Amino acid sequence: MKILVTGFDPFGGESTNPALEAVEQLPATISGATIVKLEIPTIFNRCAEVVRAAIVREHPDVVLSVGQAGGRAALTPELVAINLSDGRIPDNAGQQPVDQPIQTNGETAYFTQLPVKAMVAAIRAAGLPSTVSTTAGTYVCNHIMYQVQYLRATEFPELHAGFMHIPFLPSQVTERPNVPSMSLTDDVRGITAAITAIVQQTE
Amino acid sequence: MKILVTGFDPFGGESTNPALEAVEQLPATISGATIVKLEIPTIFNRCAEVVRAAIVREHPDVVLSVGQAGGRAALTPELVAINLSDGRIPDNAGQQPVDQPIQTNGETAYFTQLPVKAMVAAIRAAGLPSTVSTTAGTYVCNHIMYQVQYLRATEFPELHAGFMHIPFLPSQVTERPNVPSMSLTDDVRGITAAITAIVQQTE
Amino acid sequence: MKILVTGFDPFGGESTNPALEAVEQLPATISGATIVKLEIPTIFNRCAEVVRAAIVREHPDVVLSVGQAGGRAALTPELVAINLSDGRIPDNAGQQPVDQPIQTNGETAYFTQLPVKAMVAAIRAAGLPSTVSTTAGTYVCNHIMYQVQYLRATEFPELHAGFMHIPFLPSQVTERPNVPSMSLTDDVRGITAAITAIVQQTE
Amino acid sequence: MKILVTGFDPFGGESTNPALEAVEQLPATISGATIVKLEIPTIFNRCAEVVRAAIVREHPDVVLSVGQAGGRAALTPELVAINLSDGRIPDNAGQQPVDQPIQTNGETAYFTQLPVKAMVAAIRAAGLPSTVSTTAGTYVCNHIMYQVQYLRATEFPELHAGFMHIPFLPSQVTERPNVPSMSLTDDVRGITAAITAIVQQTE
């Protein structure tokens, strides 16, 4: 099995993106599955082109995208992506869509094919907080999750795909004492545990 | 310089206490200061006797007590201890004082001698969230902080002493996805940074 | 214009449901629109039958359902309902669906027809906190929002429909000092402001 | 019995102060006690002079000061005031003390004489969230609470005095959907309930 794991580059004035850092530190194989790591730009549509090219090149069985959800305290696999973009801040190319469908002929929403409850259970078994999230928001995280589902619906029907949000790193909240964070080591452990669950359920 | 660092044993139904685990993992010396580690019981008064015995035995220059503050997201050096105990749950010996002074002839409160702002700055410089706290509560954490100050006032006038609260470990909040936590590794890094600041300011 | 406003009866061990109480206190007309109030049971499917019967009987132009979202601090119009029920607790009839589609032949999700951003702006102009929510959860609130959309898709194409979550009442959190709440008076003011925005945008 | 109730004027860029508004709406008598209302400036030391003048003029039995604690969700009678001022923002006269004792010959801290637990119970019985707070911070709220206690210790030994924090008003958080608030009506009800408890316990 081959799993493509994507991480966004930094955005919103942050100098780092825990998603990208965590993805880069994943091992080369997890539970026998080959892990292919991919940095994607925090840019609407462009990020989807980069993922599509990697799908064409790598033929992964699974795409797991990882993104930062500042303010959350737990690792949160996402259940569903919706066909709407609505940015509070511009992306890294200056685009800021408002109430815009992602694909005019796409479904209103797509559920993930990933076993989100099993992923949560595996993360908790690794000693880390986790819960299923029912919203990936309306920014680039929801966008890429939706776009990969749209690619699945239109081009790659065998693909299993999904998204996982991770908290801020401690270094991002040094002066915000009430904002939860998670260490990079734990991000890596948690994503690894989630991928193990994906491998077990997908085989 | 010698620094006595204390950690409470588990309480309140938790099977672990991050304070104790973190203290046990501290290095033997920090910035040239000798670190003496001490497990103390989560029992009113008894914990103070254990610390007093260690002070008599070890002659530390500094006592830093560490305790868990479930729900906090940051490492929080405490500014002040108050002369009151009021437990919502019994301690590990079944005692549950209600609105009780800790020392009938003690001060209403004692400020720490530790450089709390420098400690916060050092923790932040280590990439971890921190802020000064102005309340250690009314349970055993405030109790031991007060008791060590009382020992200072009555027996060991040269002593510098204080308290630092640390968050839950991730493993304590696996099913509480909104409750912040901090990894043990970061606890150890943060306490080490704080002690470095103590050494620099106290010399 | 006629607006059907629904409120759930109490559930989850609470003796009251702010949604129902607020709905009952709405005026008979708002901005010229007739307000029809409807109590619905906190029971999967049964609640939808009750709403359908009221739609058949009353021929409303708009259905606005109101429900409690314990823990939220603001009035939150919902953007989207998803085709999934997953209850952490049983409903008032003891049903507890797990990962169950609401309608096997329904869309994956439906967006509301209500002007959620205008509703938020109107609520804020009334001096109350509000934001658009992108998840109504997976319990009865999402269920009724989805079901009314499904009725629209299959039977009542002219209908505009949506959902708004409101916080706990203060009386529900007297001993939970960190949980936000909102007064019934403000619930009523906020829902009224939201309905005013609906009337203005729908005419 | 006569109770002097003080409220601060607005500060920190806010155009309103719920404390002052709530105090102004209190009834003239509560449980037979005469309520004397006093606006005080959000200025270190100057606020204490204004309270002292009112004590000299009015001879109250009790002084209850009320202030805003933005971010809290409940009404929180304060247990203790500490002899330290440390402002993150300047007061309304531009003063910003850093780590400064309030009275060089004052106690480290003073406990309130008010029955904080009975106040909490009375507020909860009125259907509102409340808990005892063990820190009034290090800004003007702690300052005035400390200063009135110092006046008691040095000039007015018969006085009973204390402080209560109240949340933001809803109108202060319209665009901060995660920040809790409380309506002015409920502030007034809660303060009234707390004063009723004070009257009953003090007689």
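Residue numbering begins at 1 within each chain, and the chains themselves are lettered A, B, C and D in the order written.
Here is the rule we go by: a contact is a pair of C-beta atoms (placed from the backbone, for glycine too) under 8 Å apart; a residue touches a chain by one contact, two chains touch by 3 or more.
The UniProt protein names, listed by chain, are A, B, C, D = Pyrrolidone-carboxylate peptidase.
Everything quoted here is computed from the prediction, not taken from an experiment.
A.B. asks: What's the distance between the Cα centroids of chain A and chain C, rounded to whole Å?
C.D. replies: Distance between chain centres: 30 Å.
A.B. asks: Centroid of chain B to centroid of chain C, CA atoms only: how many Å?
C.D. replies: 47
A.B. asks: Graph of touching chains, which shape: line, ring, star, complete, other?
C.D. replies: Basically the chains close up into a ring.
A.B. asks: Could you please write down every pair of chains that are in touch?
C.D. replies: By the stated definition, chains touch in these pairs: A-B, A-C, B-D, C-D.
A.B. asks: Would you mind writing out the residues of chain C in touch with chain D in their complex?
C.D. replies: Result: residues 72-74, 76, 123-124, 127-131, 169-171, 173-183, 185-186 of chain C touch chain D.
A.B. asks: Touching residues of chain C toward chain A in the complex: what are they?
C.D. replies: That would be residues 79-80, 82, 84, 99, 107-111, 117, 133-135, 137-138 of chain C.
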